[in-house]
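Down below are the structures I want you to see.
You will see subunit A twice below: alongside subunit B first, and alongside subunit C after that.
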Partner chain A sequence: MALNRKIAYIDLTTGDIQVKPIPIEIRKRFIGGRGLDAYLLYNHTEKGVDPLSPDNVLLISAGLLAATCASATTRTHVMAKSPLTGLLGSTNMGGFFAPELAWAGFHHLVIRGKAEKPCYLFIHDGEIEIRDAKNIWGRSTTETQWAIREELNDPEVKSLVIGPAGETLVRFANVMTGIKDSGGRTGMGCIMGSKNLKAVAARGTTDISIAYPEEALEFNKRFIDQIASSKVNQTQGTLGTPFIWGATNSWGGVRARNFQYNQCEYADDIEPERIDEIATETMGPHHMAGCFGCQVHCRARYKLPSGPYAGKYDEGPEYTALGAFGAMPDCRNAETVLTCNYLVNQYGMDVLETGAMISWAMELFELGILTSEQTDGLELRFGNDEALIEMISRICSRKGWLGDTLADGGIPASEKIGKNSFDYLVQVKGMNNLHSDERGTPALALNVATASRGSDHLRSRPAIDLYHLPEQVLRKIYSNPVPYDGPLSSDHTVYEGKPWQVFWQENCYMAVDCLGICKYHTVFLGPTHPNFEDWAKVIHYNTGLEFTPKDIWDAAVRGNTIERLFNLREGLTRNDLQKGDMLNHRYFDEPCLRGAPDVVGRKIDKDKFIQMIDELYEHKGLDKDGVPKPETLKKQGLEGEPSHRL
Partner chain B sequence: MQKNNKILKIDYEKCTGCRLCELVCAVKHDRVSNPIRSRIRVIKWESEGIYVPVSCQQCEDAPCVLGCPAKALSRNDDLGRVEIDYNKCIGCRTCVSVCPFGAMHFVDADRKVIKCDLCDGDPQCVRFCDVEAVSFVETKDLGLEKGREAARRLQAAGKKAGTLLEA
Partner chain C sequence: MANEEISTAEALRKTRTYGKIRCHNPSCMGRLTPEAGQAHVKCPECGMEFRVHWIRPDFPRIRGPVWEVNRKIAEEALKKKEKDQ
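== the complex of A and B ==
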C-alpha cells in the first residue's frame, strides 16, 4: 500500500544509507510530497547553509497518491536550499519517475553529502545502490537516461537526471526525466551537480495495494470524465500549453523584449496552430502525449523541421518556451524557438530562467550597459536569433565573460555587470519572472511577488481570475473547505478580494503537490475541476486514510507555513528587492503599452499592492513583517519546529 | 447466450503513452497498482516518441492453446476469448514462450501466468482510454475506420491532382 512506502536517508560522502517508515501521524500533518519535503528540509539543514556545500540536503519525492488509482498521480517533487536564490529551492515535474519510485518502495529520498567522484543512485524494489557514473558524466539529459538503461539492461528504468549544465553548476540547471519533463525552477540540477550526483534511476515491481479498488476505479473514471469534458482541457489536449500563450499574447499579457512591451506582435510563426502544424507534419495527426495515468495529454511530440538540429525528436514546446525564446528575446521564428527548446532540454537548463536572463542581457546591450567587449563581440540585440542560440550554449559551458556571468543567476550577474543593470532585472527573490505580464492583473502580480520559491506562477496563481466568472461561482469555489464571506470580484483589474484568492490557491496547489497530482486537475484551469472534497475521497479509496477536506486544507496551510519559516530563517525580509515579497519597480512605474482595452495603460498601484500584501499576511496568520504569529504556529502545531522527529 | 464477436482493437498511432490502461488493468484484476500485473502493456521507444500498447489478440488458431501441454488454455466463443483454466495450468510457461505478441506474462509473486480476459466483456482499458487507442469492436467492423481514412486520403489526393491538371 501507499502508506508503507519508505523514506531513505542517503549520505553520498560516507555511502551510508538508512531506510525508515513514514509515521501516520506525520502523514496526517504533512500528507507527503512537497509538504513533507518542506518539513524535512527545515529539519535537516542548518541556518545559513551554503547551497553548494555537502551540508545542503536534496529531497526527491513522490506524492502520497503516486502510482495509485487516482488520475495523473505523476508528479515528482525536488527540494533543497536554492543555489539561485539562497532561499527555498523547490520544483515539481511530470513524467513517469514518481510512480516508478513508489513501485520501487520509496516516497522520499533525503540526500546529503558529496560523492568523491561522479555517481548515480539505482533504486529497485527496496534496494538502493550508489553506482559509478563515469560512463554517463558529461552526457546530455536524454543520452544519460538511455545509457543508464543500457548499463542496467532494463528498458523500463526511469531516471531523473542532470545534463551538462548541472555539472558546470549553472545556478538554474534543472533536473529532467524523459524527453522534456523538467523540474525547471530554482536550480535543483545545480545541487545534484554539486553533490557529484548525475542521476537517480528507479525501477519498481512491488505492489501498491488499493484500499477500496472498486470505488477507486469508479471515482477515477468520474474524475477523468469531469476533466475531459471541460473545453479548456480539450484545447489543452489538442494544442498543449502553447494555447495559453496564444490566448494571453493576443490579449496583452505576455512580456516582450524583456519587459518593454506586453505583447509580441507579428508572431504568426510561433502561434499554437503553427506549432501544432509542425507536430502534425513530423509525427502525424495523433501527436499528443501524456504523463502517467493522465488523460489531458498536453505535450506534443515533434521533430525539429529545420535548422542545425533538423530531424531531432523533442517534446513540447511549452507555453514557457514560447515566452522565454519567443516574446522576451523578440524572436518570432518557430525554427529558432524549437532549436532553443531542444538545446535547453539537452543541456538541462531551466527554459524560463535561460530565456529571461538572455532577454535581460539583450536589453542591457541595447542600452549600452553591456558592452561588445563583455559579449566577446556578440551582437546581443533583440531579434538576433543567432545570438540567442549562441548565448544558450555559452551559459551551459560558462564560455566567455558573459556566459560565465549569466550562469550565476540574475542578482550575482547584476552585481558583476554593475551600473543600473539590476533595475532591468524582472525578478522576485532572485528568480526571474515568467514571461507573463501581470501589470493588468493585481491578483496575479500578488501571486508572483509572494510565491515561496521566488517569482512564480505555479505556487498560488488564481488563473481563473481572467475568466470573469460570476461572483456566485467564485464564492462557491473560494469559500470551501473554509468559510469566506469577504469581498470577491469577477473583475480582474481590481484589488479587492484578490489576497484571499491567492491564499486559497496557495493552499490548493500545496495540497496537490503533497498528493502528487498535476495542477491541470485542479481549478488552476477550470472552475469545475476536482477540489478538496474530491481529494478527501480519492485519498480514502486509495490509501484507506481518513482526511476531511478541512484536514487537507490544514495540512496544506502547515506546509506553506514551514516553507515561510525556512525562507525567513534564510533571510527573507518583506520589502527587500532581492529577498522579499516585492516586485521590480517596472510593475509600478511603466504602464502597459499594448493589448486589449482592459490591459493597455495599466500598471500596478503600489499603495494598493502593499495593502494586498498586508491582507494576504493576515489570511496566512503572519504579522506585518511577514513572520508567523506565535498563535499561528500554535494553531498549526508548528511551535516546536524544527522538531527533528523524522 | 449470443456468441461474442467483439475484439480488442489497438490503434497504436492514437496512444498517448500514459499507461492508464496498465494501471486500471492491474487494479481491476489484482486490486493493486503494479504494471507487471497488467495484461496490457504499453511498449515504448521514448527516444523516438513511439508508444505501442500490446495485449492478447485472442487468436483464432492460438499458439498458446496449441502449445499448452496441460490443455489448460481453450477458446471460449461465448466471451470471444482464449482463457486459462487455473485448475489445469501446471505453470510451465510454454504459452509465454510461444505467444507471438509477448502478450502472455508470468507473475513472479503469484507464480502464475496471466493474460487478457476482456474483463468478461467490459474491458477496463477501453473504458478508460479517452483517445480510443484501445477500443472494443465487432470483428466485422475491424477494418471500417482504417478503410474510411484511406478512402478519404485517396479522395483528397484525387482532388489535388485534379486541381493541378486544371492549373
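== the complex of A and C ==
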C-alpha cells in the first residue's frame, strides 16, 4: 500500500544506503511530497551550507497518492538549498517518474555527498544501486534517458536526468524526465551536477494495494467528470497550457521587452492556435498527450517545421515558453519559440530563467550597460532571434564572458556587470519573475513577492482573481475548510481581501504538492475544480488514512511554515530586494502602457502593497518581520524543529 | 457512495456556461455569445474587439485582440488617465 513506501538515505561520497519506513505520525503532520521534503531539508542541512557542497542534501519524492487510483498523481518533487537563490530550492514536474518510484518501493530519497566520478542511481523493487555514468555524461536529456534504458535493457525504466547545463553547473539547470517534463525552477539540476549525479532511474513492479478500491474508483469517476467537463481543461486538452496566453496577452498581463511593456502586440505567429496548427501539420491531428493518470492531455507534441533543427521532435511549448522566448525578448516568431524550447529541453535549463536572463541582458545592451565587447560582438537587441538562440547555447556551455556570467544567475550577474544593471533585473529572492506582468493585479503581485522559492506563480497565485467571479462564488471557495468572513472582491484592481486569497491558494498548492496531484486538477485555473473536501475522500479511499479537510489544510500550513523557517535561517529578511518579500522598483514606479482600458496607467501602490504583506503575515501567524510567532510554532507543533525524527 | 453529499466544487458546477465567452477586459468580463463560426466579436459593454477561435463548433474561445481597435482604446484610456492626474 502507499503507506509502506519507504525513505532512502543515500550518501554518494561513501556509497552508504539506508532505508527506513515513514512513520504514520509524520504522514499526519506533513503528508508527503513537498511538505515532507521541506521537513527533511530543514532537518538535514546546516545553516549556511554551500548549495554546491556535498553537505547540501537533494530530496526527490513522489506524493502520498502516487500510483494510486486517484487522478493525475503524477508529480515528482525535488528540493535542496538553491544554488540560484541561496534560499529554498524546490521544483515539481509531471510525467511518469513518481509512480515508477512508488512502484519501486520508495516515496522519498535523501541524497547527500558527492560521487568521485559521474554516476547514476538505479532504483528497482526495493533495491538501490549506484552505477557508473561514464556512458551518459555529456549527453542531452533525451539521449541520456534512452541510453539508460538501453544499458538496463528495459524500455519501461523512467529517469530523472540532467543535461549538459547541469554538468556545467548553470545555476538554473533543471531536472527533466521525458521529453519536456521539467523541474525547472531554482536550479535543482545544478545540484545534481555538483554531486556528479547524472540521473536517477526507477523501475518498479511492487503492488500498491488500495485501501478501498471500489470506493476509490467510484470517487475517481466523479473527480474525472468534474475535471474533464470544465471548459478550461477542455481548452487545455486542445491547445496545451499556451491557451492561457490568449487571455493574458489580450488584457495586458504579459511582460514584454523584459519589463518595458505589459503586452506583446501583433504576436499572432506565437498564439497557441498557430502553434497548434504547426503541431497538427507535423504530428497529425491527435498530437496531444498526457501525464500518468491524467485526462486533461495538455502536452502538445510537435516536430520543428523549419530552421536549423527542422524535423527534431519536442513537446510543449508551455505557456511559459511563449513569454520566455516570445514576449520578453520580443521575438514574435513561432519557429524561434519552438527552437528555443527544443534547445532548453535538450540542454536541461529552466525555460523561464533562461528567457528572462537573456531579455534582461537585451535591455542592458540597448541601454549601453552591456557593451559589444562583453557580448563578444553579438548584437543582443530585442527582436534579434538569432542572438536569442545563440545566447541559449552560450549559457549552457558557459561560452564567452557573458555566457559564463548569465549562467551564474541574476544577482551574481548584476554584481559582475555592475552599473545600475540590478535595477532592471525583475526578480524576487534571486529568481526571475515569470513572464506575467502583475502591475494591474495586486493579488498576483503579492503572490510573486512572497512565494517561498522566489518569484513564482505556482506557490500561491489566485489566478481566478481575474475571472470577475461573483462574491458569493469566491466566498464558497475561500471560506472552506476554514471559515473566513473578511472582505473578498470580484475586482482584480483592489487590494482588500487579496491577502486571504493568496494565503488560501498557498495552502491549496502545498496540499496538492504533498499529495502529488497536478495543479490543473485544483483551484488554479478552474474555480470549480476539486479541493480540500475532495482530497480528504481521495486519501481515505486510497490509503485508509483519515484526514478531515481541515487536517489537510493544517498540514499544508505546517509545510509552508517550515519552508519559511528554512528561508529565514538562510537569510531571508522582509524588505531585502535580494532575499526578501519585495518587488523590483519597476512595479511601483513604471505604469503599464498597454492592454485593457482599466490596466493601462496602473502600477502597484507601494503603501497598499506593504499593508497587504502585513495582512498576509497576520494570516500566516508571522510577526511584522515575517518571522513565525512563538504561538504559531506551538500551535503547528513546530516549536521543536529541527527535531531530527526522520 | 453515489449518494454522498456533493462537494463545494461539484456544487459550483452549475455556474459553468458553455457556448459563451467572457470579454478579456478584466474589469468588464461581459458575457459574449458569438454566432457559430463567427471570426470576430465585439463586446457591447466596453467596445473591445477580439478574434475568435472555435475549439469545437459549439465551443468558442478568444484567440486574441483585434489589435488596431484595442490599441486605440488603450491609448485613449491612457491619455485620459494622464490628463486626470
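Some observations on this one:
Criterion: the second predicted complex is superposed on the first by the 646 of 646 C-alpha atoms of A that agree within 3 Å, B and C clash if a C-alpha of one lies under 4 Å from a C-alpha of the other, contacts with A are read in each partner's own complex, and residues count from 1 in each chain.
Just so we're on the same page, a contact is a pair of C-beta atoms (placed from the backbone, for glycine too) under 8 Å apart; a residue touches a chain by one contact, two chains touch by 3 or more.
These numbers come from a predicted model, not from an experiment.
By the document's definition of touching, of the two partners only subunit B reaches A:Thr205; subunit C does not. By the touch criterion stated above, A:Asp576 is placed in contact with neither subunit B nor subunit C.
Shared-chain residue A:Glu281: touches no atom of subunit B or subunit C.
In the overlay built on the shared chain, the residue A:Glu379 is in contact with neither subunit B nor subunit C. After overlaying the two complexes on the shared chain, residue contacts for A:Trp103 are found with subunit B alone; subunit C is out of touch. For subunit A, the partner with contacts to more residues, out of subunit B and subunit C, is C.
In the superposition on chain A, no contact is made by A:Glu127 with either subunit B or subunit C.
Comparing the two interfaces of subunit A, the one with subunit B and the one with subunit C have no residue in common. Within the complex formed with subunit A, the residues of subunit C that make contact are 1-2, 4, 7-13, 15-16, 18, 22, 24-29, 46, 48, 50, 53, 55, 59, 61-65, 67, 70-71, 73-74, 76-78, 81-82.
Listed in rising order, the residues of subunit A touching subunit C in the complex are 214-215, 218-219, 222, 226, 229-231, 234-235, 238-239, 243, 246-247, 249-252, 265-268, 271, 273, 440-441, 466-468, 473, 476-477, 480, 491-493, 523, 527-531, 533-534, 537, 593-601. Against subunit B, the residues of subunit A that register as touching in their complex are 67-69, 71, 96, 103, 142, 145-146, 155, 178-179, 205-210, 213, 216-217, 220-221, 224, 228, 283-284, 286-295, 297, 301, 313, 315. Considering their complex, residues 13-20, 23-24, 27-28, 30-37, 44, 46-49, 51, 108-109, 124, 127-128, 130-131 of subunit B touch subunit A.
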